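Both of the next two complexes hold chain A, though its partner changes from chain B to chain C.
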Partner chain A sequence: MVESNVNMKKVRSESTWYLTWLRFKRNKLALVGLGIIIVIVLIAIFAPVLAPYSPDEQHLKDRLQPPSSKYLFGTDEFGRDLFSRVLYGSRTALLVGIVVVAISATIGVTLGLISGYFGGWVDEIIMRTVDIVWSFPALILALAIVVILGPGLINAMIAIALVGWASYARVVRAETLSVKEELFVEAARSIGESDLRILVSYIFPNVLSSILVLITYNIPSAIITASSLSFLGLGAQPPSPDWGLTIATARRYLTLAPWYSIFPGLAIMLTVLGFNFVGDGLRDAVQPERVG
Partner chain B sequence: MKKQLIIRKFFSLLLPIFVVSVFSFSLLHLIPGDPARYILGDFATPQQLAQLRHQLGLDRPLYVQYISWMVKLAHGDFGTSLVANVPVSELIKGRLSFTLKLTGTAWILAWIFGISFGIISATKKHSLIDYGITTLAVFFMSMPYFWLGLMLMLIFGVKLGILPISGPGTWKNLILPAFTLGLPQIAVIARLTRANMLDVLEKDYITTAKAKGLPDTLVIYKHALRNAMIPLITYMFLQIPWLFGGAVVTETVFAWPGMGSLLITAIFQRDYPVVQAIVLIIGTLTVIANFLADITYTIIDPRIRAMG
Partner chain C sequence: MGVILKIEDLYVDFKTERGLVKAIDGVTLEVKEGEVLALIGETGCGKSTISKAIMRLLPKNATVRGKIIYKGKNLLELPESEMRKIRGKEIGMIFQDPLTSLNPVFTVSNQMEEMFKIHKLPTRKSIFEEIVNLLKIVRIPDAESRAKSYPFELSGGMRQRVMVAMMLSSNPSLLIADEPTTALDVTIQAQIMNLMLELKRNFNTTILLITHNPGVVAEIADRVAVMYAGQIVEVAPVKEVFDNPLHPYTRSLMRALPKGHKTERELENILGRVPNLLTPPPGCRFHPRCPFADERCTGGKPEIKEVEPGHFVACYKVGGTRNE
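What follows is the complex of A and B.
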């Protein structure tokens, strides 16, 4: 009896994912977003094949050249091909997104599950911390952490991750609170499943869709914060082709070589836009299930 | 009942402020190794190191340092800048008005334009202008402040040459930084207003009001907008810390002499007392903004009054 109950849950959750995909597919902007993300991932993987030059290759005779057929996005003050550098910059951006999300989500989801499931003073402590971290401006908190850790891309990623976990904890806790009242959790408890197993195999799969939505929103905000830190000189360091760092240098040549600032910024915007479109689509696709 | 709740909430304010103060205090102590050596560099003499340690109070037990730091703070003493050698409070005083001018203007711009665009979008749902506004909103929300600032500088300062591109000066110098900080917020508020208005416009009492034959403008502004604004009011406060965060980047881009650009300079100069003070100020502000958001929500929404 209990066995069949568990199996039914499994079947239903698979079809839920399928229904979510069907709803997602109907949203044109979301599909555009997905397309953008796929293209950027492909660019990051195949950058060495796609880039006409090495990102560090200097053409000292062609310094600060405007866009041309030879240099699609123009060149920088060392005569480096900006098109190649922007392509390679996608690697840093995606790396930031992946690393930050991996750390933030792990911390946030674990704390959220614990907080929602056990309640009591553990919940109280975790949630008060969440309140503070969540409302603190991400960039300032990240700056403060970078002050402690020192500048650099890795430290910037750690700092951003230490800021970003709060939203996961908050959402996962709220969902856990409602899921733990469901009959199948009661059933699991009555057959003597351990708390850990209930959290991992019964509750976690049911909060996964919300986590996925959070991830798609977390990646672009991490990319923006990281590029801001790099722009301020506290993130990626030269000669990295990081987009934020490139714009920091390009700023000095704004009147002389406007293309230098324009293209890396467009790259950031397009990447963020892609993830935001997917996030909106995913949120709308997941929501009807929440109501039911 | 409501009064009690507010008093209790007021006390719940103290814990986060304590946490923020401990965090700001720890900034100096969490540096791996010797903070004095880190600040002065490898070539500092033992005397210099000892003097700095004494100046920062590092030669005393940690809890004594914290308590004396807090006692001084209570007297408005934020310590002395290691670089400028003047009281940190003086440094900040000179910068604060610039930051307030910038964030205040951005805040006003955000609400005036945000609500207007949101209403237009909601009342002309699925029209060309609605699509235009919602699409532009997503674009502005996807740009980092520093790039948006540079692009505005490029268009209005360099190409059109109608606005000054950096530094303080007349009110004209404020326009570009204020819009840089304000545009993403306009986008957020327009989206929120639109969504809330659409929700409200479907409610029965709106249908009733329309059926009574009330003019559209009255229905929209008196009945719909007022109710649509309730969830937005908390955002009026919640947004404030974010404006201060955005100000750090915006001030750096436009060489605007506010607290944000001071923070960045202080970080590079390892001027820890200044960094600690600014983090503490923005942190406390964040906590207070949250508190105010919470309180207004409690006052406005009768459903919450019963709880607690």
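What follows is the complex of A and C.
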């Protein structure tokens, strides 16, 4: 009897998320990705502690220095320490990732749930809007929106979110269409649940895993798009240590100081890679449980 | 015994790409308070459509005509908000597949809590204690820890018990059980059936049991309604249906049943096939397969008549077929 009680406790802890984590853990690449993300998040948080100089501190005597023990990644045209700036740049990158995902996921998931659950003309309007958004290359559309809103990091984030919601809407709609046919949804209606409650407590939690996978893919693509906009001068403005902006400035000194563009470029690449590894791992970990 | 649910002249059509499917064709049926009425028929004959029509859970492409009167109210005319109060509280429903009828991301107690919240059920103790108590009533062992389990950690029989326990919480007057044991093992089937019988005895719950399993019917039903292709062909007390079936369809159905003591006999089958409900045969829908059919059967739909006390049949030939 005592034995069986112990077993019960063990069984109870095996929630769906725990099982997903167990599967995720087996994927080495995903763990590497998770490690990279954790390191970047820590860097963003502790940038003031880790950075040897302030990102804006100019050492006019040491302009465009190559990497050395004094300036780990070298310096830029104002003698600012590139290592410190790359560290601080992680803040912008993560901020972009988080804000864009928050806005586009909120819009996209809400519209996708409504579209899939209610169907009819509401569905028609939402999905045709998605088609329109999707008919433009993401960067071009974001570019157009930023041009209308005016350049700047915040506007760039809004623009990327206004493009990004469409994929959430489409994925969530498709998932909702299949989940709403499940017997437990009918059972929920048969005990008197309202449509809103069914959407929030029955359908949303059951499409959440796909949303999470989408989010981990969406963060790096948002970071890349934001960097591209900054590179084009429409995103982050000087003197921000944004990676994309840094690369744009570095372009002018490419022959003179090649390290200038390499380090922020590597930073973007590592961040994106980390999130993509996690996204792949998460997708594989989430998929098998969907059957049962 | 009063009549708790009266279905009058119910028609349900489904609009599909291939045309109008006339799934329910003029069904009239009474469910008496405190009884177990079994609705029996082949797969696709409209049993589940009737249960969904009662709950107003039919898909959007369905059009419903007729009346479904529950305790004096026509359910088909109630506003959706009123209907929600009836679902679960007044009329409960148990589904065929317990494996998928619980939300996979909720624990058992979360799920059962919903009943208490939606219908603001009175509780003497905490909701959790009430839930554990209900789980004990349906004989779920180790109820406390089971309440905290997720559905996928429970067996099919266990999940069906949870569904029954959920229904117990609001103690509905009418319980619609749509093939509640089809997906379960035979031993578990009997346990669930007994559980439902206990419900009926202890709480005077009326049960509308939908099944295609005559064995289950013989065990627990008081009366039986036999459906064929969207029409009710015979309604009678359970003993009558098995010992003295009058409608040719019911008779063939009974002959198709294996009986333990008549092993030498080969089982009969019913010739022909179930009609396509896009273009149902005119008149009695059984006539193309009926050995006794004549011109009259193809002309108009036979009315359901009481031919013996409590024994209703919809067949022009009833007198003739009985004594042949």
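By our rule, the second predicted complex is superposed on the first by the 275 of 292 C-alpha atoms of A that agree within 3 Å, B and C clash if a C-alpha of one lies under 4 Å from a C-alpha of the other, contacts with A are read in each partner's own complex, and residues count from 1 in each chain.
In the analysis below, a contact is a pair of C-beta atoms (placed from the backbone, for glycine too) under 8 Å apart; a residue touches a chain by one contact, two chains touch by 3 or more.
Predicted, not measured: the structure shown is a model, and the values here were computed from it.
Legend: residue contacts after superposition of the two complexes on their common chain; A:191 is shown touching chain C, with no touch to chain B. Note on chain A: of its two partners chain C and chain B, the one contacting more of its residues is B.
Touch criterion not met for A:123: it reaches neither chain B nor chain C.
By the touch criterion stated above, A:139 is placed in contact with chain B alone, chain C being left untouched. Once the two complexes are overlaid on the shared chain, A:220 sits against chain B while remaining clear of chain C. When the two structures are aligned on the shared chain, A:183 is found in touch with chain C, with no touch to chain B. Contacts of A:205 after superposition on the shared chain: chain C is touched, whereas chain B is not. Taken together, the two structures place no residue of chain A in contact with chain B in one case and with chain C in the other. Partner chain A is touched in their complex by these residues of chain C: 55, 57, 60, 84-89, 92-93, 95-97, 100-106, 114-115, 118-119, 142, 145, 148-150, 152-153, 163, 166, 170. Those residues of chain A that touch chain B in the complex are listed here as 128-129, 131-132, 135-140, 143-144, 146-148, 220, 224, 227-228, 231-234, 244, 247-248, 250-251, 254-255, 258, 261-262, 265, 268-269, 272-273, 276-277. The touching residues of chain B, when paired with chain A in their complex, are 15-16, 19-20, 23-24, 27, 30-31, 138-139, 141-147, 150-151, 153-154, 158, 238, 241-242, 244-246, 248-249, 252-253, 263-264, 267-268, 275, 279, 282-283, 286-287, 289-290. Every residue of chain A that touches chain C in the complex is listed here, in rising order: 4-5, 8-9, 11-12, 14-16, 119, 182-184, 186-194, 197, 201-202, 205-206, 208, 292.
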